[in-house]
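Order of writing sets the chain letters: A, B, C and D. Residues in each chain are counted from 1.
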Amino acid sequence: MIYQGKQNIWSDYQKEIPHDHWFYVRSCIRQSFFPASEYFFVKIVRDLLGKDLYESKHHTTCGGIAYHCDTIPQETAMTIVARQFALMTEAGYKNLVASCITSFGNYTETLETWREFPELEARIRENLWKACRREFEKPEYVAHASDIVYMLRNEIAEKAKVRLIDKTTGEPLRIVEHIGCHYSKMFPHKGVGGAEYPCVLSGMVESWGGQVIDYPERRHCCGFGFRQYLVKANRGYSVSNTHKKFESMEPYHPDAIITNCPGCPYFLDRWQYVISEQTGKTYGRDGFGIPVFTYEELAGLVLGYDPWDLGLQVHQVAVEPFLDKLGVAYDPDAKYLGVNKEELLKPTLPTVLKCF
Amino acid sequence: MPDFGFSLSKSSSVSLDSLDLGLYGELERLEPGVKTCMACGSCSAACTASVWSGMSVRKLILNLQRGKDVEKMLGSCMLCGKCSMVCPRGINTRHLILSLCRIYKKQ
Amino acid sequence: MQNRNILIIGGGIAGMEAAGQLLRLGWEPVIVEKNERLGGHVAKWYKLFPDMMSAADLVQTLTDGIKEATVYLKTRVASMNRLKDGYSVVLSNGVSLQCSAVLIASGFHLFDAAKKEEYGYGVYDHVITNADLEAWFGGAPDNRVPANPGQVAFVHCVGSRDLKAGNAQCSKVCCMTAIKQAIEFKERFPGAQVWCFYMDLRLFGKKYEDFYINAQKDFGVHFVRGRVSEVSEDIDGRVVLKAEDTLAGLPVKLRADLLVLMSGMLCNSDTAALASMVRTEVDSDGFLRSRDNIYRINESRREGVFFAGACTGSKTVPETVAEARAAALDIHNYLNGNA
Amino acid sequence: MKERFASGFDPFVLPFLLGMIFVLGYCAYGIVRILLQLPRKDRRRFLLSLITPHIILKNVWDIFCNCLLHVKLWKRNKMLGFMHSSIAFGWFMLILLGHIEVMAYCPDRIRFFYYPIFFNYFVAENESTIGGAVLFFLMDFFLLMILTGIVLAVVKRVRSRIFGMRRTTRLSLMDNIGLYSLWAIFPLRLLAESFTAHISGGSFLTIPANWVFRQFLGNDLNMLPTWWAYSIALGVFMCVLPFTRYMHIPAEMMLIPMRNAGLRIRHPRKGFARIEVLSCPGCGVCIDACPMSVKKANIKDCTVYLNRQIRRGNEKRIEEISDKCLLCGKCEAVCQVGVEGPLLRMEQRAMRKYGLSQDFSGLDVSLLAPAASGAKVLYFSGCMTRLTPSIGKSVTSVLHKAGVGFRWMDEEGGLCCGRPLQTAGRYEQAAQLIRKNEELILGSGADTLVLSCPICYKIFSQDYKLPGVRVVNYATYFSELIASGRLNPVKSDICYVYHDPCESGRGCGYYDEPRKLLGAIAGIAEAPMSRSESVCCGGSLGSLTLEFAQREAMTRKSLENLYASRADAVATACPLCLATFSRYSERPVRDLSEILDLALKSEKASDRTVRG
């Protein structure tokens, strides 16, 4: 691998990201899968780094899941998107930042479609007006939350309590980055670093001291694929996809996986259990899996937040070995205590995949 | 193992560098003409057996080259020789099939 | 008295052959070449199909034919102005001259394979282009070519027939070049397995089909119909290709020790600037527009401006040479009032 | 009459005696072995035939004509015929006369079976008696006959072209030993008998020779070495005989009765096949006949070499030779002893083991059934006709014009007739296809099956069991339609030469009907080699290994023969011949059906006006 070659490509895909004043839209599913991620995004960006981040309680789904499952037509999805834009306009913001990759893709796709077909935009404006008497201005910038963290990666690194370095060996931790498909595969210029070699996550990892692993199936989908998972008969494809990725990354012995999509960390994490049950194989050391983090979780760990406050106990794959390498202190007994130190009940542990 | 109601599906992808081409290699030795196939499909179009079976010499050769099973196709050839007549590269497809039948090892 | 100067822009094989012919017809050609040597792309090539002639020999033959011509190397045309019976030209080296006709033989440039990001040219350790391989055949060291390759893949149509790469046209010569190089490769590494990934095999010329049959029969080159969609690198540094074998209807994967990208031909980047100097047009395919594409390929739509070689479209070496000769005769006739 | 030796023995007879005992023992063993190899039914049949009077007569007659007089060879080539019959018949007569002499002069010595051979050494008789004069004259006469034959044989070896043979067999080492010892026998006999002629009598050859010898070799002791040499030559010949092509002499005498008993090849190597192989005299007539021999590289793949390789047990070569052959059957047609070259090869192909065998027995053919209709005539065009659609079109057009209600059985595709599988030695699979096609045909309710492909015609007429269905070649059928007035062709001015397709010609003996049809609709010419001598077009499916490029020379050779007839165009009755010839022919090539359809053109026009 020639690093210089990648940098040449990255230089072609520099994305302009505004430094402040964002209208933040959350994901439908992340808060249940990774309950602390969005919370910590807001905490880090707004509280720690002092940026202006606005949220509206009227924000709804962007329609992305329904759109990608072919259950709603594009015009409907666009009208939902138009409503979010209206909320932003009403709040007086011009920069939209989405927590969800599919939302980001959906917003980008809508704007790009309108750019090509202005008559469609006019019709959607009419639809929106008829539906809820709202008007909007198109956002000046649409970013994904990981773009913001990428932009702030060096500020985070300055405030970091730990670096992504294996305490026991002193070597940089080997991190696999996994980018959500809807981030830049549709519009390479809308993603930091383009579609082939995106650097939004690898930039964070390198800035925080880790080493990025590039493996053959890096581009491959996590396996969610909407209908591949949501239709139960197709779930075999979903898990096979994930399996393919793990088989491909296995020889590199990664210490962790970092993701920027709602579905990806969920499937990369949970399917490791299913694969271990079905094939008897685990991909981490000593029977453990490879822990999967959202970029907010990893940022949180780097900034020294308590792992259990970051919600790492809801991961399927045990994060403790990674925390040990990182040198982050944690209380094993507090793992299954919730925010108010309530007992969360310890789950039944899997037979093959080693967990605590 | 818990019953998930779904399982890992086998990859349909073929690894070109790690194929077991023993059968094809032997065929190449017996009927070197097979190497010059350019997959034009004349043989398949002319095939008498294709009317009632999936027989296609083009596919058969390709499947062999990709390490896939050809038993079903091979089993429907009537050796009528039309494919040999129409092959623009003059491949003796009839001998190819006959040779393949001889060296074929049932899985 | 008539000005006997004829400006030839480009010192590749087209420019050289045209200059040689014009000399013989009694004109005084002036070759302007932007590089430090003559011969263009052919000078960097090793062997030419279909006779496997040495490219250096051809360039030498052409060079011998233009000893009397004026040649400016490392020079570009700075400006050109139409006069009553010719052009007044200023070159980047400060020389200004008057000429009665202009022959544009500015040729092509190879598609920059790095633009097909998914193939990883410049990113992966063992990805090279047809030009790199040709240079390596010619003896230039290249550590991207492994010492003992087991599997080698050639990908056809890199930057050709690809709207997204900005070139919808077929580059015409790459199929044959790939087969030629595959054979040369097999001759050097008989143990290697060579795979050609193609969309269509366009082997239109004399003896080309023989090359194809020989590649299959005598060299055991494998041909897979399907465009490589994705290339990655495995832990051993080998390239992993993904494609569909469209004839078998199967996704295929190949772990190769070397990947050769058959970069296509695009019109030279500075041709548009040249065209605007003489106010002639660029065609929809990015190449220069001839008066027509059947009978007057050598003529531009401007009086006294002629074309030869790949500036009007992808061409093979023999086509280029033939066109250069034709252009010389066209200029001769034009200047003698016989056009 | 006096016997020169009371004992009636001299050591010089020993080489002959040993040779004789060896060869007789070997043949006896061989006969028993081959009889044991025969299937029980065949063995019984054969043994019964040996006591059936009319078969005995036929056997004797055939052996006399073929083995001694070489009648078939005479018909083919007078010089060769004379050469072979002079040696074989002459030798036979020498032996016969020898026995007569012994019987006449010393009947008690008949039990020494070397006596008839060396009579002149042991018995001092002279030509003064009338009996002696006649016998000795006859002896010298037949010896002279043999010697002429030998001289011709030597000439043939050196210059086979004089005999009209372009190519002849290359002999093996053993064959050469046999050949030279055979050649030596008779001059040596002349020498030996000449040396003893003044004692034991002689005739017009031996007495003058004796006179010449006695001019410089007065001593009687000189006679013994020549008798030794004669005996040794005989002994050597007989000892090597089982290992040379001369084995055909005893083998053919076995083959004729076996064939007359109705036996046929049932095993690729044993029994009848073995006898056929051994009966091959290695004469090489099949080499020139073989269409493949236009290419020098193919000469070693002719039947004579197949027989040789089978005798040697060289499996690799047997396979190569068996697979290459076009199965045109010409070698069989010209063979003097009737070795079934094509069948032998098919048997070799059939004995192979296959990793995968097609199984058509379970095939559901209901989809391929001809449409239900009252038409009683079925037309089966066969696979190959798909590639020469003009035939199918013309046949159906002719049938329409004749007003025949018919169904085109495989118009939308059908099953193969099974003949290609058969030629590949896949008998079982062919039989399965035959059963399936029978099922289709019998289920259709038709009573006539018209065939336009000779490949199909051969198997349909010989291997299909279709009770109540008449299997008819289209040439016959069309001739009948013309005869009954349902077709009124206008005879064309074009002169055609008819090329006999191998499968219908030599394969079925179907020569006259196509000529009858062609004669009725156009001019007709004969090629120098036609009917059973017809030259394969080279496109035959019979060959498994011949590459496309290797066949061109054969096609051109076959066309050359047809062009020699000076006809304007070539007519044939086979889709494969049509396609193959069309590729290289400079003159038009048409199928019989096309020619007929052209001859009916005017009729069609008049039909239209009537209908219109």
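The rule we apply is simple: contacts are C-beta pairs under 8 Å (C-beta built on N, C-alpha and C of every residue); 3 or more make two chains touch, one makes a residue touch a chain.
All of these numbers come straight from a predicted model, not from anything done at the bench.
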item: Most distant chain from subunit B, judged by the mean position of its C-alpha atoms; value: A
item: More contacts between chains, B-D or B-C; value: B-D
item: Geometric centre distance via CA averages, subunit D-subunit B, whole Å; value: 40
item: Whole-Å gap separating subunit A and subunit B, where each centre is the average of the chain's CA atoms; value: 46
item: Chain centre separation in whole Å, for subunit D relative to subunit C (CA means); value: 66
item: Touching two or more other chains - residue numbers and ranges from subunit C; value: none
item: Touching two or more other chains - residue numbers and ranges from subunit B; value: none
item: Touching residues (chain side subunit C, partner subunit B) in the complex; value: 150-151, 193, 195, 201, 212-213, 216-217, 220, 222-225, 242, 245, 247-248, 250-256
item: Of all residues in subunit A, those that touch subunit C in their complex; value: 1-2, 4-6, 8-9, 194-197, 214-219, 251-252
item: Complex contact set, residues of subunit B against subunit C; value: 12-18, 32, 35-39, 58-59, 62-63, 65-66, 68, 89
item: Sites on subunit D touched by subunit B in the complex; value: 323, 352-360, 363, 367-368, 383-384, 386-387, 412-416, 418, 420-421, 424, 426, 429, 433, 539, 541, 544-549, 576, 579
item: Partner subunit A, residues of subunit B touching it in the complex; value: 1-2, 4-9, 11
